[in-house]
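As written, the chain order gives the labels A, B, C and D, with residue 1 at the start of each chain.
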Amino acid sequence: MPEEHRSSWRSKLHEIIYEADTRAGKLFDLVLLFVIILSIVLVMLESVKSLNAQYFEWFYKAEWIITIAFTIEYVLRIITVKRPKHYIFSFYGIVDLLSTIPTYLTLLVGGQNLFLAVRALRLLRVFRILKITRYIGESNKLVRALKDSRPKIMVFLFTVLVLCIIMGTVMHLVEGEQGGFDNIPISIYWCIVTLTTVGFGDIHPVTPAGQAIASVIMILGYGIIAVPTGIVSAEYTRDMKNNTIPVPINSQVCRVCNESKHMDDAKYCHNCGSKLNE
Amino acid sequence: MPEEHRSSWRSKLHEIIYEADTRAGKLFDLVLLFVIILSIVLVMLESVKSLNAQYFEWFYKAEWIITIAFTIEYVLRIITVKRPKHYIFSFYGIVDLLSTIPTYLTLLVGGQNLFLAVRALRLLRVFRILKITRYIGESNKLVRALKDSRPKIMVFLFTVLVLCIIMGTVMHLVEGEQGGFDNIPISIYWCIVTLTTVGFGDIHPVTPAGQAIASVIMILGYGIIAVPTGIVSAEYTRDMKNNTIPVPINSQVCRVCNESKHMDDAKYCHNCGSKLNE
Amino acid sequence: MPEEHRSSWRSKLHEIIYEADTRAGKLFDLVLLFVIILSIVLVMLESVKSLNAQYFEWFYKAEWIITIAFTIEYVLRIITVKRPKHYIFSFYGIVDLLSTIPTYLTLLVGGQNLFLAVRALRLLRVFRILKITRYIGESNKLVRALKDSRPKIMVFLFTVLVLCIIMGTVMHLVEGEQGGFDNIPISIYWCIVTLTTVGFGDIHPVTPAGQAIASVIMILGYGIIAVPTGIVSAEYTRDMKNNTIPVPINSQVCRVCNESKHMDDAKYCHNCGSKLNE
Amino acid sequence: MPEEHRSSWRSKLHEIIYEADTRAGKLFDLVLLFVIILSIVLVMLESVKSLNAQYFEWFYKAEWIITIAFTIEYVLRIITVKRPKHYIFSFYGIVDLLSTIPTYLTLLVGGQNLFLAVRALRLLRVFRILKITRYIGESNKLVRALKDSRPKIMVFLFTVLVLCIIMGTVMHLVEGEQGGFDNIPISIYWCIVTLTTVGFGDIHPVTPAGQAIASVIMILGYGIIAVPTGIVSAEYTRDMKNNTIPVPINSQVCRVCNESKHMDDAKYCHNCGSKLNE
């Protein structure tokens, strides 16, 4: 087989596997999406005891078929890509590898349960496929807005954590073991549950003093829930503004230089200095 | 009956049923609103066992009277509208049909309970009546803001879902069956309950490791609750800006041309060029 | 006593009771604030059975002293004000009256418990006193922002209610009586508890189907919690902008007319048209 | 020892303890950070009964070593600083003192448990160390935004509190002791738990009337959760605008004066008046 021919065969496969512009590429992505979701559903159903007892053999077979398919896909990805090392050590390369390894490991180690979490990581592969859709532009904006507000969010989260540790200690001392505040770590856990307004109710204050302090913590939490929202909101608004012009502009056009976009209160053209049409 | 006369009779009915400008039209809307709410209240009360046992016959009769009234209304709507097909297959046309069918089906199939949900759909009809009120303008703005931010919200919801699936698997492995995390689907359910800060408390971690992971999930949820709020807020702010001009305007009125809405620092009228009153 | 003298005596009392500029007026407000809070604390403690059993007599005496003090104050307010009718039928006039009546009614009817809620209304009187503080300006802004976004919030709340009724019906049919979804009203109650992310946990789905639907409801609630926040935020931002100028302005001052507040890119004074100082 | 030499020795120590620019200063901060976190972890583990029973001696020794280290550090801080009084009565001075005192007090009074909360305050010292990082700028912005919106938040919190007191009284009357609404203070506690959307579920309405009122409270809470978020968001946006200029600026640089940051539609350099490069 001549080198050129083989190379063209590889570039065709590359187009199918990595891109989504051709029909075959789109089909490949759809099939891959389907298999990934199927494998995740399988992981879920496998964890349900009654189902696992009944359909164990089916689950076992399906898991192996999917794993072998993923292995073939992984090998093809390495073969067709120009810089295999770059791919193997990239984020998606590692995720792809982790999608196949756990099943092989069960042959050596046994204990399928142990690898359930790793197998659930296959879900991350979905992101690559959806990367091609139009949603990714929006996603980028979101990620940027979050990145821009990261230092603020860090400060905020740290403050919340310190608050939880101090408040948790206070609650442990006030409530003691009556309401389940047995030790400080569990009181801090309760404090986080409360400040985030989740409120499971497994632990809750029973003494009047504890309930009073809890009330203060809750109102505090209510007040500070505003902070991250405000930050992201402001950051996101600013991000959007860099694209649009926030200056009041009317539809006047200068008679001399045809310049438009004059400010609403402009008397003279900012372009050529001549008087503007009233 | 001459064609013209009949046509005018139909157009009059059309005015009453579809519009709300005339007195009869308003009255029709009010009566319809009352009957719809009555029928919904009926559905609710019917579901209360003790009430249904006692007043079954009354409920039965009232349901049939309402159904027949809705049927007559539906027929009239088809007769009076110019393009019946367009109406029948429109959103409200289908809702109107679904408001009458379930009761008739109970004659054939029995099992009233089964159609409760369909009968509750009658509530959607209220939206048509309220469409006429001044609130709809606001509603349109809301819908537009939501539509504009749909792709972002989709990306966001998908990210949350992936997070829930991975975190749910981890919690199932860490907590096992001690805290009720029997299988992955129920762990994912718990994860959604927690991330959305609902926190029923039917399932909750009991091991220290599980509580630590839960704390991370909750603080994460606290942080990402900011994202959709920020998106809608920014989108809505942008929407508002496109309509209103953010220029500081005072209450001066030009003595020459009576033009108002002058900028705060304007000396000359932007309308006629004459000097403004200080 | 000459009319003039009496009138001046009344105007002095008016100043003390209604205003807070003089020293006596401030003192009166402080004493009143103290008595109101004391009366509210009394209502609370009275409701605690163990305390009421022990200190019933003290509570009874204190309640009568406060009521008589409020009665005297109410009479003085009527006497000193110029248009008594206007005061009596104003919001605060009615609140003041309701602060005294319940205690007298217990003489006729008995059953103190019944009037607890009315006596708690005394708290509203605090607002009048705080009206004098600097906070009221902010409060006005808040009220205006809320008023401006009222129609939007109405549409929003109505949509949430319709969603709750339909989803509640669905949950009643899916869960039946297993998880406590005995009838539609209680399912709607659960739906509101869930959508608002409160999540008591007294009722919660137990069937897989119910938990799946509940997950959808929760994620939906997570998404739509953004809407009212976005509305108020945008409305409030706009409100603030009407006061501040959102145009980029530099500190240049025109040499000819001394006009300041020129736009950052202005070449010519927008006031007199002369060239600006570089 | 000559005065000068001693002074230079003191200023060197001051640099190490108070600043973080030199290598020794950075190292000191890192060691301090480690010891503080260690001491907090110690407080937490000590509160866990089973651990305390087993490792009591270790905890005791470690606590004394840390306390002595903090004491030495405190003395050094006083010696090296120029105005010791200013430091001692500053916020961090008091926190530093409180980090050492509780352990010494246990020698006199006994009852370690009592001082757990004070020892947890050591965590506040972490803030000083992190003050040096780049995050503090963001933190300042956050604090300013919160300070600016303090009066609004005060009005808001007060309104929420009044609402809770009145609604709590109503719930106590409607529910009585069936759902746990034994007295008004506990009903107010429940009201705060509900309005803040925490919802522990330890107390919850059981009568239809109580559930109806609870629904209204929850929807209300859902609506007003928007207010603080909107406030902080608007305040934060405004804060950001005062620092950054919201003018659309392109990357053009004037050929004559090298001035950058020209407006997008500028033809002439606003710095030297020469024509800009297209």
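Basically, contacts are C-beta pairs under 8 Å (C-beta built on N, C-alpha and C of every residue); 3 or more make two chains touch, one makes a residue touch a chain.
Because the structure is a prediction, the values reported are computed rather than measured.
Novice: Give me the fewest steps it takes to get from chain B to chain D if each step has to go to a chain it touches.
Specialist: The distance in steps between these two chains is 1.
Novice: Over half of the interface residue numbers used by both chain A and chain B, so same, or under half, so different?
Specialist: Counting shared over all numbers used gives less than one half: different.
Novice: Could you work out which chain's C-alpha centre is the most distant one from the centre of chain A?
Specialist: Result for the farthest chain: C.
Novice: Counting C-beta pairs in contact, does A-D beat A-C or the other way around?
Specialist: A-D
Novice: Specify the angle of rotation obtained when superposing chain C on chain D by their C-alpha atoms, rounded to a multiple of 5 degrees.
Specialist: 90
Novice: Centre to centre, by mean C-alpha position, how many angstrom separate chain A and chain D?
Specialist: 27
Novice: Between chain A and chain C, what is the separation of their C-alpha centroids in Å?
Specialist: 39
Novice: Would you pick out the residues of chain B that each touch at least 2 other chains?
Specialist: 185, 188, 197-201, 225, 229, 231, 233, 237, 246-247, 265
Novice: Chain touch graph shape: choose line, ring, star, complete or other and state it.
Specialist: Shape = complete; every chain linked to every other.
Novice: Hey, which residues of chain A end up touching chain B in the complex?
Specialist: The touching residues are 40, 43-44, 47-49, 113-114, 116-117, 120-121, 123-124, 126-127, 130, 134-135, 138-139, 141-142, 145-146, 153, 157, 160-161, 185-186, 188-189, 192-193, 195-202, 225, 228-229, 231-233, 235-237, 240, 244, 246, 248, 264-265, 267, 278.
Novice: Which of the residues in chain D come into contact with chain C in the complex?
Specialist: Interface residues on the chain D side: 151-152, 154-156, 158, 162, 165-166, 169-170, 172-173, 182-185, 188, 194, 197-201, 204, 206, 208, 211-212, 214-215, 218-219, 221-223, 225-227, 229-231, 233-234, 237-238, 241, 245-247, 263, 266, 268, 270-273.
Novice: Would you tell me which residues of chain D are touching chain B in their complex?
Specialist: 197-201, 229, 233
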